[in-house]
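Across the two complexes that follow, chain A remains constant while its partner is chain B and subsequently chain C.
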Partner chain A sequence: MTEQTASREWVGFSLRRVWIIAVNTLTESMRQKVYNILLLFALVVIASASFFSQFSFGEEAEQVASVQLKFIKDFGLGALSVFGMLIAIVGTAQLIPNEVENRTIYTILAKPVRRFEFLLGKYSGSVLLIFVSLVMMSMMFGAEMAFKQQKLVGEVLQEEQDAAARGGLVDHQEIQRNITSIRADALDPNLVKGVILIFVKLALLAAITLLASTFSTSMVFNVTVAFMVFFTGHLVGTAKELWEHSAFARYCLALIPDLGMFNVADDIILGNAIPWLHVAKVALYGFVYLATVVAASHFIFSDREI
Partner chain B sequence: MRAKLLALLVVALPSWLMLPLVGSIDAESVKLKYGGARVTRQMRDAIGQGMAIALLAGFRGVVADFLWIQSHGYWEKKQWLQQYRDMEVVATLQPQSILFWDEGAWHMAWNIGYAVSVDTNNVTAAQGIKRERAWHERAQEFLARGIENIPNRYELYFKMGWLYLHKLAPDCGDDLACKKTRYCEATEYLRKAASFPDAPSFVGRTYARALEECGDIGAAYQQWISMWKHGPPMSEPSSILEREIRRLEDQFDLPDNVRVFPKHPTKPPASP
Partner chain C sequence: MDAIRTESLTKKYALGWRRGKLLALDRLTLHVHEGEVYGLLGPNGSGKSTTLKLILDLVAPTEGAVWVFDTPATKVASRLHIGFLPENPYFYRYLTGAETLEFYGQLCGLSGTAMQRRIDELLDLVGLEHARDRRLAGYSKGMLQRIGLAQALVHDPKLLLLDEPTAGVDPIGSKDIRDMILRLKEMGKTVLLSSHLLAQVQDVCDRIGVLNLGRMILEGEVDKLISDQRRLSITVQDLSEPGRAKVEEAVLSVGAKMVSVEHPQTTLEHLFLDAVGRDERGAGEHD
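Take a look at the complex of A and B:
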């Protein structure tokens, strides 16, 4: 038994070490220019969703408000998803290749740190990065919605005042109904469900990128693989429909994560009731899948020569 | 190699074990009508490569919004068929969106309908009228599909009733029987719309008017009375109710003792 093997057997799994590596990874990632530029861009795009909403062509005040809010929500949540995906993929793809290239991995693994702890720490750091980014983008999105809501309510009240000034008939109930509808539409708590599932999807995408980076040293390769999985994952639903009668195809397709499942935000925006049970089931699917991908990454990484 | 095989097995086994969970999620999605139509070759051709990629990346809502804006661009350029094609694609992408069905039908019946009727390319006035009616029918068919997709909301039933009242019935011209049939068809949609608890008061008022157009003045009177009695507390539109009830009571020449608003009141009418 070599000294190295003996020490590896002696060191037990420690969540504290995982946490330290995770926090370190998060700090390192947040200092990177790529991340900051992506986040800044995301925030600007979300903030500009209001301009996008000007393209609404309804006649009635309620209809115009509904269109504008739909456009902002679609655009905001779309930006959350796109930039979240970019941050998840770019942020994770470089984690291990960078450590190998900078040779810092040797220093870390020479210490009593298990490879699994290192891998889990790196992945947790990436998930924390996604979480922080999503929180910041969601706050911007929330602020945007609150601002728009105020503006639309103000417009409705102004219309009421103008109608009264013209001596026209003012339907107070209708106006109150419009205001309530705008508020309910803008501050819809169901949107949280959409953001939660975007987070799980991004965490899963990060796990897949991590898996690629355990057997490849090229960041470009990792990013490409992650993008391919991202697109393939969204086509699983279509493929399932095409081959619904083939059991073999079903088993093959099960190997690819069905990312379309996580896109409930569109339906929430349209006012579809998405039960929490459905959200929980999809989240469970995501967590089980990402756990297996992280476990697979561990098997490959533990066997890898560094 | 052994580690890679082990890794594949680690991913494969739970994925296969999760098949019942995935099946249950898929079944729920179909039942609750999540998503909308899948991407097909025809759809890809209609929306273009860039949009198709965005669609495949899961940005259905954003793609639908962009196509909607694009369709408005076609309207401004008087390219009505392209506009119609875009509206069809948008409604297919997000069939659960009331907005797209509602505004799409409005564009067809009111905007495009009028624009084609006064189009300088029309050889005769009759051709303009024919084209206008064709667009009204397209709007009707479009809204019918919308109702099929969203049967549990009042909005599209109301819009369909409104379409029958203001476009399809007048399209009958001097054919009174056709006109009456269409007004009566409007009442069916408006009755359904008014039966939703969240339907605003104007839906009930439109229903009453449609009943009158359909020739069922008694039912119209009952509808106004019902709104007066069961409607929300007194407000400005209550004056509309009062005006309409008075008008019909005068028309029926009802005696004071059965009127809601007697001609010579001894006491003020009971407030709703």
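Take a look at the complex of A and C:
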């Protein structure tokens, strides 16, 4: 290969280099103690949902199964969102400050690597970390639902046997209906939609954290900004309703992402239908917002003196 | 063709709102020829690191421009032939030595068996085969410096930029790095190194430039700069007192002047390297 062809090969934007930086970022993050402890804690919390679900009382006997499953869904989706948020913020906030502090950014940018490739690689690594974490937490969540379903079905069958042993009347159709209802409740496809929207929300949160870290070298600042956006983002929907007549307020609120839109846990618990079209629309909103934030990060980072 | 060429390179850093600007580099014109080892010397804050950052386009010049093998430094292609070792590098603590080189190799387009071969070669070159599967969190400062040098060489660049390569490294590690620089020179590489450890630079550099407060105040070939053409030193062994008197008489008789007569001293560094070397050989014999 001549030098000229080598030059031509390297000048363009390369997705391969973005991928290499992303995988390196993921490996580095997953080997950190803080991440492993956080994930382990999240898994333990999700696994404990079944235990806490036993404390739902004051319900009609036939509704107990449904209430317990609703509790686990609510608890599980909440845990996924909260621990996912912590992993997204902590994982992203340290990326660029650490690179500068350890001077690794110099060694990467001293190679034929574009700044945008570096930034996109770092961000993609963070999104991969969120994805892997959510997959692991969802698997635990799924296992928890399957375990609870089996337990509840077992209890129904046990009651049937007890009733038969006592020589009482056994309504087989009622029992079958109960079992079908438990299974339908536990294997709710809406849960997948809920997890997908949590993923998009966290990817957006990671993009905002990245944006903060492109102009600040302080990790504390980045984490604070990300937390503020996370909490205000969940209040935007309510604020929009309150100030719907003020154009100024509407413009201001448009700058903060409406994170409440990604929350479908209430609909899942109430058993409302969540059409795929709705999921697609909310995800699209997230992607457009996310792309704009990454573009803004690039705009700042491309001129930053390192 | 120059490996590095700068013209009137000036860099001013903004110090913050209403605090003015700091002149870090003042109209530097530098030519580093292909195949030479050039030492950029100067006290802390003299502009050495800024010069390296400008060459790598990590910061933008306020005025002037830089070319690397005739390609403007602002183009990504200019970094095709550069290997860079930053000052006191830390790298990714959770990666092993081999994984670190693999990462940098992949970024430079290496893959498969060619990369594995290159990693083996480099670990051998910098003497870290024994630590290839150890995470960098457990590396000593000298080892980090060596893995840093290996990553700088991973894509076989023609030009190496070394920022304080021997800072914080013990005398043996420092000598190893200097030997490596000489080996790189033999391989035809161009090396630009920055340092404030003058004695070490003297051993490896062909030419030096001295920066102070951002300005180049002295430049030239090391041999010419440090040799005193008016003075001559002759070292003799086993000279008796009468013999010495005759030598002094002869010197005076031709109109020259005796400046000093003294026993030559070794440097503390040579003394240290000799002692440690002897001790290690002794330990080897005991084993």
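The working rule: the second predicted complex is superposed on the first by the 291 of 306 C-alpha atoms of A that agree within 3 Å, B and C clash if a C-alpha of one lies under 4 Å from a C-alpha of the other, contacts with A are read in each partner's own complex, and residues count from 1 in each chain.
Here is the rule we use: a residue touches a chain if its C-beta (ideal position, glycine included) is under 8 Å from a C-beta of that chain, and two chains touch if they have at least 3 such contacts.
Keep in mind that this is a model prediction, so the values were computed, not measured.
> Putting chain B and chain C on the same copy of chain A, do they fit or clash?
fit
> A:E28 contacts which: chain B (first), chain C (second), both, neither?
Only chain C is touched by A:E28; chain B is not.
> Contact-wise, after the overlay, does A:A249 reach chain B, chain C, both or neither (first, second, both, neither)?
Neither: A:A249 stays clear of chain B and chain C.
> In this superposition, which partner touches a larger number of chain A residues, chain B or chain C?
B
> Just checking: does A:I306 make contact with chain B only, chain C only, both, or neither of them? Give me first, second, both or neither.
A:I306 sits against chain C, while chain B stays out of touch.
> Quick one: classify A:V64 as touching chain B (first), chain C (second), both or neither.
In the superposed model, A:V64 contacts neither chain B nor chain C.
> Quick check on the superposed pair: does A:K111 touch chain B, chain C, both, or neither? Answer first, second, both or neither.
second
> Who does A:A47 touch here: chain B (first), chain C (second), both, or neither?
Neither partner.
> Once both structures sit on chain A, report the angle chain B, chain A, chain C from C-alpha centres, rounded to the nearest 10 degrees.
For this superposition the angle at chain A equals 170 degrees.
> So after superposition, what is the minimum Cα distance from chain B to chain C, given in Å?
So the smallest C-alpha gap separating chain B from chain C comes to 12 Å.
> After overlaying the two complexes on chain A, where does the chain B footprint on chain A coincide with the chain C footprint?
Shared contact residues on chain A: 303.
> Using the touch definition up top, name the residues of chain A that touch chain C in the complex.
Residue list for chain A touching chain C: 3, 6-7, 9-11, 17, 20-21, 24, 27-28, 31-32, 101-104, 106-114, 303, 305-306.
> Across the complex, what residues on chain C touch chain A?
Listed in rising order, the residues of chain C that touch chain A are 13, 53, 56-60, 71, 75-77, 79-80, 82-95, 99, 103-104, 106-109, 148, 151-152, 155, 161.
> State the interface residues of chain A toward chain B in the complex, per the touch definition above.
Residue positions touching the partner: 52, 55, 57-59, 63, 66-67, 70-71, 73-75, 77-78, 81-82, 169-174, 177, 211, 215, 230-231, 234-235, 237-238, 240-241, 250-251, 254-255, 258-267, 269-274, 278, 281-282, 284-285, 288-289, 291-293, 295-297, 299-300, 302-303.
> Mind listing the chain B positions that touch chain A in their complex?
2-4, 6-8, 10-16, 18-19, 21-22, 24-26, 28-29, 32-36, 38-39, 56-62, 64-65, 68-69, 72, 94, 96-99, 102-103, 106, 200-202, 232, 235-237, 239-240
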